[in-house]
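Structures are listed in the sections that come next.
Both complexes shown next keep chain A, but they swap its partner, so chain B is in the first and chain C is in the second.
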Partner chain A sequence: MSLKYVDEFRDSNLAKGLIKRIRAMSHKPLRLMEVCGTHTMSIFRHGIRTVLPENISLLTGPGCPVCVTAQKDIDAFIELAGRDDVILATFGDLMKVPGSHSSLSLEKAQGADVRIVYSAFDAIGLATQNPQKEVVFCAVGFETTIPTIAASILACQEQGVTNFSVYSANKLTPPALAALMQTDGVQVDGFILPGHVSVITGTDAYRPVFETYLTPSVIAGFEPVDILSAIERLVVQNENQSPALENGYTRAVSEQGNIKAQQVMHQVFEPCTATWRGIGDIPDSGMGLRPEYHGFDAARRFGIEMPDVPEPKGCACGEILMGLKTPESCALYKKKCTPMTPVGPCMVSSEGACAAFYKYSV
Partner chain B sequence: MCLAVPSKIVEINGNVAKVDVDGVSREASIMLLDDVKIGDYVIVHAGFAINKVDETAALQTLEDMRAILAADNRAADSNQNQP
Partner chain C sequence: METNAMKQDKIVLDHGSGGKISHNMMTDMILPLFNNPTLSKLDDGAALTIAGKRLAFSTDSYVVDPIFFPGGNIGDLAVNGTINDISMCGANPLYISVGLILEEGFETEKLQKILETMAGAAKKAGVQIVTGDTKVVPKGKADKIFINTSGIGLIYNGVELSGSFARPGDQIIVSGTIADHGITVLSAREGLRFDSDIQTDSAALNTMVKSIVESECDVHVLRDPTRGGVGTTLNEIASQSNVGIRIREADLPLRGAVKGTCELLGFDPLYIANEGKLLAFVSKNDAEQLLEVIRANEYGKDARIIGEVVESDPGKVFLETAIGGSRRVDMLAGEQLPRIC
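Right, the complex of A and B next:
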């Protein structure tokens, strides 16, 4: 059985045609940033870097949620995991990220109750099965994931589940793009915009950033033909000096996005300042619980407030997330920092730039 | 993290749907979507259907791409045929 609307966008003839077209049209040196970590993985998996002309370089952006999570938030998760009354529920990618002194993996090995879940919904199941415990969900996500966490909180409220809370390190994409464009040294000639974030936000969410910086931008799906087509559009926009905000993923993304999901997200969460690894504090780029949902806020419930701590010495994750460095130009890459002994989150998350470079480099 | 795959809705019970992904069956919440019905393809992320796949748009994208590439090929052929 084939996967509908997946196989069609893996058609090798279409891919070959797009590659030929990119090679014929692209003359200027181009630095294109794939904002989303899932794109990073897809680009490597399908060998897209190897088929592009030399003048096009692909940069990984701040779109791997685990990678942009601040050290103090990782420390907060570890602090919560250390409590005897807590079951910490997390997406698997967070497990090995080193905090200042430990990681969730190490805490679990030493007896902490840390469970990997596929969905925030699964964490509610843990709460109902373990009424004597407090279940805390590590909320690390962008617009794609935040509505699912909001919906889970609403479900808890409806079902009267009181031993569930979330520690929110959620983040929004457009403010990060704006912060990136304001950073000295950042040079991006085009954005491959995240497909599934855009399913929720719609094309409209990027319009203010686009109109301010006029950086060519194309929303892309995740199959090779989707990504090659986005690169082709970015080449055309650059060669013709006609920047535009285009939607290349119309089968899933509309102008306005999923309004119901946006409503659920904004019912429970409100924008707040968030700390991004490597970038720092960005106003209105996080999503904290609204006052009426403070009962579900693990930071308040357990009085968790971790101090700002410097990122690991020598780790270039922050600069890599902004396209200022590549993994290979980090002094720790493949030496002190490997998937077995990661120093920074970009080497931990399967969607991190360093992990992807490591896995696919020869 | 934002991985999501088109899945076909095969059963709906209240806010939860049974979806089929390449022969594998699993449950997904449809709380974030209005108007889903059996047979729809939805994009599922972290246990939630986050949108329907617009079949018309999918086919249109493919058709547009094929048209552009066919025009490229015709242009290349006619250049080759010129003396």
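Right, the complex of A and C next:
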């Protein structure tokens, strides 16, 4: 991302003009869903909900990688962290997610070697510095992070780093949108499609889903002006009943996306069935290591197969990320479940809907 | 599963974050045992009266990683930090102590450099390091070097400041750009290379406080928004004073490179540490005059009025966003970043 864009797209006059136009034009009740954790954060941080007319509601979809991670995968991370020979490398957001019996943060306090990293490449660094240990990277991410993870595996292969492996809970966005639209009760009048993911996938990746369900869809960047103009386009499409798949982030997203990144991703990974929290198993929505790279597969290397476990009782994360519920309608919200005592991942991740509601609402 | 930090039988990193979890440890575990009227004010330092003299006394420990970063190192951080905590009590810092905890194997050359920086910082600020202690622990039992500093100073005549003195109508001034220190340390630690010249803002604010006091402006609160950043400090003041606080995003001074790094990493600069900035709460009539006083100081050139104190929503902080929306600025539960100050 080029930094010089930031100010232009945060221009407050431009934003105020958009807000005026949206207010003038929008009459129908609209349920618009963002499917990207960075959008969720941006919407709250800039107070976008507070400037929209009442007939527009914004739903937080399955766009926060930590929130969609199945309970059994969280348990697998905790299981791996408990091994004496393992250094577990993870994104910070996973630390406090409650597994069935513990969390990475608690395991760390009890002596497990868990390190927070910013990318899979940091984890390779740990592997070369600690040759007597096994470094396992917890891969939770969408199309934005999968190519980097793939590149890290290729780099390990090239450099002969053998004490590095990846537990893949990676996921793909378009199959989740399709699964969502097939779910009973789900009502979405427009998708604000993720900017970063689309930089990799390109607009084309959404075409099959769009053509099947004809849900108005606009790819958006992350500044307030980006998000407001995506909302404006979704309002226009809905008011005119002219659904379209539009690219509102042309300064970064092309039709075909980043082909090089896609190639690297597909060289190392192949589609597989993945379990999404709340949604369940979605065919071809995960990315598992191809047979040639099974040596880097932590689940295989350590024989980890965790049982399917129910999500925490009363936690509505799954329904929230399908737009069926709001955090406020979860009985545990702000009572048993707070950022200090999180019950579900949506309250832990900074991109989670419950955490955002808790942090930014009155 | 029970994850409430207070009910955990082990300390987690968030207990040291300066956010809600640290705050709870303070109020639930520490205060009940050490309770006294001075400590329970929860100000940056203690205001004490000894033999008719009003003194400010404060202590702080520094465990920053990395120990060297653009614009400074753990040494000047430790000296300036305590100078600032004393200054925020409306006092003139005079003497400080230094406790060093060194890890076996730590290079003497680096220690020498840190000590020289500390001496330089103390000299520049006009305080003396008058007592100290050194301990060495076996390799792996500490991370290179930890420093504790404590200090005392004389509270200026007639000055009484506390985080509990904010009143509706007060204007809030920040003395310069925010989040510089936290982003510098993060970038240095993670080896993030942005073509930028961000460096720590670590500085002693005792001369700035002296001119604030001498201006005789009606100041109610001075605080340095270190760990936890401006957002956390404003929340502390809002709850100590039982008032509401409104700030404006458009008025927050932020360096371009810091802003860009925050954008990229998804961090909110309001929660990122500063080591050479203060927040001043001043009655409305004196706000412009105080702004000029702060701007005249070498560390206050970018000072801005960023918001005000209101009666509504006591204990809460709100931000008016640049696009005209509004949102809560809550205290974070734990860390946005691991230890940085």
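Definition applied: the second predicted complex is superposed on the first by the 359 of 362 C-alpha atoms of A that agree within 3 Å, B and C clash if a C-alpha of one lies under 4 Å from a C-alpha of the other, contacts with A are read in each partner's own complex, and residues count from 1 in each chain.
The working rule: a residue touches a chain if its C-beta (ideal position, glycine included) is under 8 Å from a C-beta of that chain, and two chains touch if they have at least 3 such contacts.
All values reported here derive from a predicted model rather than from experimental measurement.
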| query | Once the shared chain is lined up, is A:Thr38 touching chain B (first), chain C (second), both, or neither of them? | reply | both
| query | After superposition on the shared chain, which partner residues are touched by A:Ala81: those of chain B (first), chain C (second), both, or neither? | reply | neither
| task | Applying the touch criterion given at the start, work out whether A:Ala261 contacts chain B, chain C, both or neither, answering first, second, both or neither. | result | first
| field | chain B versus chain C as contact partner of A:Ile231, first or second or both or neither | value | neither
| query | Of the two partner chains, chain B (first) and chain C (second), which one does A:Ser102 touch, if any: first, second, both, or neither? | reply | second
| query | If you stack the two complexes on chain A, which partner ends up touching A:Cys138: first (chain B), second (chain C), both, or neither? | reply | neither
| query | Is A:Cys317 touching the first partner chain B, the second partner chain C, both, or neither of them? | reply | neither
| field | First, second, both or neither for A:Tyr118, with chain B first and chain C second | value | both
| task | Quick one: classify A:Ala252 as touching chain B (first), chain C (second), both or neither. | result | first
| field | Common ground on chain A, meaning residues reached by chain C in one complex and by chain B in the other | value | 1, 3, 6, 38, 118, 122, 222, 351
| message | If we count contacts the way the header does, which residues on chain A are in touch with chain C in the complex? | response | 1, 3, 6, 10, 12, 15-16, 19, 38, 41, 44-51, 92, 96, 98-103, 105-106, 108-110, 116, 118, 122, 222, 224, 228, 312, 338-342, 350-351, 358-362
| Of all residues in chain A, those that touch chain B in their complex | 1-6, 8-9, 14, 17-18, 20-21, 24, 36-38, 63-66, 91, 93, 118-122, 141-142, 144-145, 147-148, 151, 154-155, 194-197, 199-200, 222, 225, 229, 248, 250-253, 258, 260-261, 264, 349, 351
| In the complex with chain A, residue positions of chain C that touch it | 1-5, 8, 10-14, 20-21, 24, 190, 250, 256, 259-260, 263-264, 266, 268, 313, 316, 319-328, 330, 332-334, 336, 338
| request: Would you pull the chain B residues touching chain A in the complex into a rising list? | output: 1-6, 8, 21-23, 29, 31-34, 41, 43, 45-48, 50-51, 53-55, 57-58, 60-62, 65-66, 68-69, 72-73
